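The data blocks that follow each hold one structure.
In the two assemblies presented below, chain A is common to both, partnered first by chain B and then by chain C.
Moving on to the complex of A and B:
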């Protein structure tokens, strides 16, 4: 294994970052709570940039309010602005929850957000306010993936209470990773087919991928309600997804230590083997067999693996994105015979290399080259000259694949240069099937274009 | 009517023409807790300087500011493309505590060695103002070591609004201006200010001037080069578009170098023709220029006029909402829409001043809503209430329009289609026609619950 440690003689700039800042991930998670409005404690630009970035991918209205710092605020503290913005956002949106994320500015001046929020549990008329959940997301610490996990944990930390000592039999908490709305819908479908009662957080499957409206929805419909989050404390088990999440830092970990709810940690269920682990676990928890239509889906998938295997073996792929996604794609691509020659992430957990090594399939003896805490500048330098056949990752790798003249199979977030990003399946047998077809056809396309004759059969 | 109410603090920033006395408040900080469509000081600086293609643009701060502005504008370059890369000092906890000057120094030095830019702009973001890095000192040091201008851009996000960012960008450009040789610049020469070459617009406009016999010394900042900016004080006239961002620079150049300026717009046939005629009139000693301008305008208008009439026959009477960054663009858009037979029922901007809004008031019909620093709820409220067929705005406005079944035209800096000049007017009309006439809207008539309507 070659793990390129990025120790440099001197500090180098980040060129074309392969990560985003922490508050973006938190805002995404808050979009998965019913009736929630997101509020960023910092400069106006933070919320506007993050909105624009999310909107360009999801193509849905995404409102994020800002406490809108001025010079005075930066000197005297953001308390007054935060209080005023909470009052205004509640007045205008009438939310069921306000999700507050901080920024580098409010964190650095040292605003004590919980203390400020303590002073505003009622509105001017004395009526109780909706729950206000705060997550600390200084953008100089971690990445958007950490902001996402942190916000989910903060929601559970603030809201989950066991009302009585009863555990709801067979109720399962689901904590998905940063997957697409289509993935989340599919995940719910799987649980329903298993007849497993569940509560999923976050659930932005409708809020970030909904239909047209006849009247304006201040807050798009869908999402997990505050009371459902409260009841997560009474579940029989939690399932969380994420290869590199640190033990105890997640919502499932918190429910485990606080309420003794067993937490099952799965990586991203991408590829057949990883999906099998999910289905086996659901089967075990529910006592039900794998539902027939999913078993059929798996069989069709394996059949297609066989049909396509000769076009894939030994093809070289560069994978990049969030660490969990990179690990998921590594597992998927290696099981169909593709060689991931470079696995890169801007993520800073430091656990990517060991995670990939643990996912090495039997008989796969290629070296695994990992770039951790990487940017696209480094990915480009490392990828040029490798003879890579394709990139698998978000749309930000396009400038490199264009230069190299190789296809980019777009997965994950963001996909800013195509429609349909929110509708891509990545997980389960269905996601695997979709990706398999796209990856195979991308290579077939190259082969077909390269022939002088333009043959019409494979 | 909708269920959307207006925040009390916001009421004075909304004007209903014909229904109330004009007393608009503007140029204020955004209301805390409102979802302003504005960005910040950094954004203002970044968009103005972004197209300088042979300069290094290093964002000093944590990663977000640089990540969200990577390759963000459709500003084309005919040569180097250094502007399309995103560089950040990517500050972490350690630097927040101990300061980031050392990191800035090393990052700058290494980037300059690697990319050999003609100048470097260093953007100070929010955090830099708080941790107290002496960005100016680091820039001076690197500049003397590397022998290129290294210019600090004081764009801490919270120190004002986007407009203050324009000012910081103008200040940065101004440090370059006057440092180059003006040898060989003729008397009929101009700088084009406030034109960013989105989709190649600056090239189209430069071509018009070339045909008129007017020399373009520099374009700020579309497809611009450091060398050209340095010698831009040799031009005899500054022609300023997008007045919000560049008017200040023109004023600074007038004061220091005695270069007069005029304000123009290249959106729509009427304003484009006006712009070219105004420039030609300025060089009235050379009557050939006016003659050539008349011929050019006639030729260009003749080329697109028949098509415009076809679009107009369909678009006549349709209703448009406009929400843009600077109000000056809204003036042109209202005229351009009028040329297509359309009326404007909502006009607003992020950064207009009271003079701008008075002009907007005078241009619009009774019943038009004029908005300063609006938010998505207000925009959706009025496009529904005023029955808009078209919304002209940027990425953040697009989903508001689409969700409500209203056509959309992107007139912001991310677009790839040139909308300036005569060809741009054709492109604009075609885009408006295509979105308003699309058959998809007719499918949205069913209620959301899917019940049958007929």
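Moving on to the complex of A and C:
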């Protein structure tokens, strides 16, 4: 069709959103708790849509129950439905935890979920119930990234209790961002190699990327147990990832104010410098040197930077996705000689521009164009005519790169037009290496296609 | 129905059913018992009554979507030149953004296509508190300024009905202001028991606001509408190819590869042919009452069903020329189909399938499995009503419950200026004498084998129970069920999106499906994963030296 220019300074309407809704993020976080079942308080469409969307990326079974509002529930309140649904999921799944997120529907009618849950506990009359954790996630406020952070905080808020006054020496709490299951597995590997005892929340490294079953699993294996979450209150320190997370809204922040546990905030450890900061911190906390095989992984990475720099230098990329991911990719790409000409996110923290400015490498004096609370309509307008060489982001940028005839290097979430989304490494030296190879090869591919001869030698 | 001997004995199925039910609390079990039926068919093609189109029990994992999904996602999503604005917070619009694989084919590269866009008012806290009508008006204005489309439609999500935004008033106002058709749907997610309510709301809206807007009589003989065909994986293209080879003109398709103008002009066709009875029969009924267009049920899934449907259309028009062309087309297409069928059948014969999908697909696809010599041991719909299971003959006995009463029934009257009977009384009598039936859908159950199991709105837990009991060779459902089935070591075919495959309709589609199922059920990959009843998987076997 005609290339319709969307250009206008500001639109009221959102065209092709660059964000998903809050309860999706909460459900993702609940998938990282062992034996947990996620339940959405609202219309059944929310859980169906969010399930089908998460499943199309992770390609794993994902169960999310719903309290199935109907018209009269919407009018008279959802208490009865929530009670019924909690009873039914407990009976069917025998879960170790029920994670409840709200939807626009239950939030708009103003259901008092904590009160309903107290009623459920009261009615149980001492009969054992699994912990039921509630997070408020109206999708008219924030994005999926906020729902994720909110659910992790809600879990810690509800479950973390210091049983005695002892602090477990060298025990570290890890609160990863919305990274891939492969990233989480790798993060655990790093911690183990440092010999650091840790508790990680959420941990969906197995629940959302597992093997075939020999017997039926109502809830896939893996995840952080409720007792581990409880014990997070006695750690020596917390490390949280996220460049733009607001102080006081995170699990690490809560543990810091409630139990005086020092919170170290790192951004997404993407790129060598950001990863170095992580390794330095782990070294400091554990008193151990950087494990040899990770040091060698770093050396191989730097070696490849040298080998590949001439193919990358001056290439222009558009980065988009969650704010933390955009900041991480900005740090990584500027480090390998690529100019991020446009950095965009649907995120609404308002902190993306200053974050990117703080990540500006020494000697990098290109202007940084940032679109905050943006949609793909704006991203397309801004990207057309910039001579961008590639997009780095999720599958949703595809229609623009198709129009522009440039490659899309798929990272983040959602990736529903390729296999392997959950197996992509984004963080650490390993993630850097994987992305470096993919980014370089994407550009080589274009160059090779464009030559008349079709050279097959670099 | 190939044999009268039951597929499974009544006792064994009853035992399975009781096994499933005993895990539920009494009230739930009582409700589910009505929705799990052992199929028996008497001489009059009467089947047992099934509970359908009833609310899903909270906390029981369902396949079903919501009213909004049925209205925006299914019915109006595939219309390429209609700007669809979703009024609500962002999620609903995002999740319906190109997630169904409806294909569309522009006539010229400059044609409008808004299917790749996802427009939303992206409501924020303040809109919920102070109302979102202003924002909606601005969004409509912006869409108009940008695209100058023929029409703009507005879809309401859950909070809209609650905060009382009057989307219909906004539509009327903007229609008057912009001079294009603007119309709205009150399709809040909580309105019905499933997406089926959304289909009905969408049907009403198109009929009220679009059908009959353009009275141009197009050239061409044998003019039909194809209703309830959504062009997933290019199904509609294959059907169009066949119909066009037969000399049959399609005025409009509801709604695969459709445009606004097709709907506006659809009342000029001479026959409505209905593929998916569940999602679109309302439009067929209303067009008959108002404009005099009769409707028949057809099915282009399965080579034999395709041939039968073509013959039925030809019989309706009754001209020898058309009857001959249809026979020529069938004769030309069938040899290739039969050779592919025979080849796949030699690997698939005797295998079994289960299907839990949609409101017509679980029925239609049994045709293709029959052609492969595969037996459907169990099937059910996500959002169908009793008539889709038991046939339209039960319509007068269906109880209208509160949830169905929520959905407006339009009071349609004959359009005195434009009503035109397509057949004379004598012609209708001649057709009836030959056994030709109008608006006749026999439903899924009479076509299934005795002793098969029919389940409405199957839950996650029941799916698993059934896989263990039937040990099927393939399961057909949607993406939500896909990975739990595959993890159990059973091949799974998505019949919503076709796993990026298709088309499966018509003759060429049938060939595609035979090959696909043959490849899937005979793939070596299943040797590597262990199904619960398989003893010796290759990869987790012990080493020889252990």
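Please note the rule applied: the second predicted complex is superposed on the first by the 442 of 458 C-alpha atoms of A that agree within 3 Å, B and C clash if a C-alpha of one lies under 4 Å from a C-alpha of the other, contacts with A are read in each partner's own complex, and residues count from 1 in each chain.
Here is the rule we use: contacts are C-beta pairs under 8 Å (C-beta built on N, C-alpha and C of every residue); 3 or more make two chains touch, one makes a residue touch a chain.
The shown structure was predicted, so the numbers you read here are calculated from the model rather than taken from an experiment.
J.: Could you tell me whether chain B and chain C fit or clash when both sit on chain A in the superposition?
T.: Because the two structures are overlaid on the shared chain, the partners are seen to clash.
J.: Now for A:55: first (chain B), second (chain C), both, or neither, which partner does it touch?
T.: both
J.: Does the superposition put A:149 against chain B (first), chain C (second), both, or neither?
T.: neither
J.: Figure out whether A:315 sits in contact with chain B (first) or chain C (second), or with both, or with neither.
T.: Neither chain B nor chain C is touched by A:315.
J.: Using the superposition on chain A described above, determine whether A:89 touches chain B (first), chain C (second), both, or neither.
T.: So A:89 meets both chain B and chain C here.
J.: Of all the chain A residues, which ones make contact with chain B and with chain C?
T.: 11-17, 19-21, 23-24, 39, 42-46, 48-53, 55-56, 59-71, 73-74, 81-82, 84-89, 91-92, 103-105, 108-109, 138-141, 143, 212-217, 396, 399
J.: Touching chain A in the complex: which residues of chain B?
T.: Answer in residue numbers: 2-5, 7, 9, 29-43, 58, 61-71, 84-93, 95-96, 102-103, 106-108, 110-111, 126-127, 129-131, 157-161, 375-377, 380-381, 384, 395-396, 398-400, 402-405, 444, 447-448.
J.: Applying the document's contact rule, which stretches of chain A touch chain B when the two form their complex?
T.: My answer: residues 10-17, 19-21, 23-24, 39, 42-53, 55-56, 59-71, 73-74, 81-82, 84-89, 91-93, 103-105, 108-109, 138-141, 143, 211-218, 377, 396, 399.
J.: Where on chain A does chain C make contact in their complex?
T.: Interface residues on the chain A side: 1-2, 4, 6, 8, 11-17, 19-24, 39, 42-46, 48-53, 55-56, 59-74, 81-82, 84-89, 91-92, 103-105, 108-109, 138-141, 143, 210, 212-217, 396, 399.
J.: Which part of chain C faces chain A closely enough to touch in the complex?
T.: 23, 25, 28, 55-69, 85, 88-97, 99, 106, 109-113, 116-125, 127-128, 135, 138-139, 142-143, 146-147, 157-159, 161-163, 188-191, 193, 402-403, 406, 460-461, 464, 468, 478-480, 482-484, 486-489, 528-530, 532, 540
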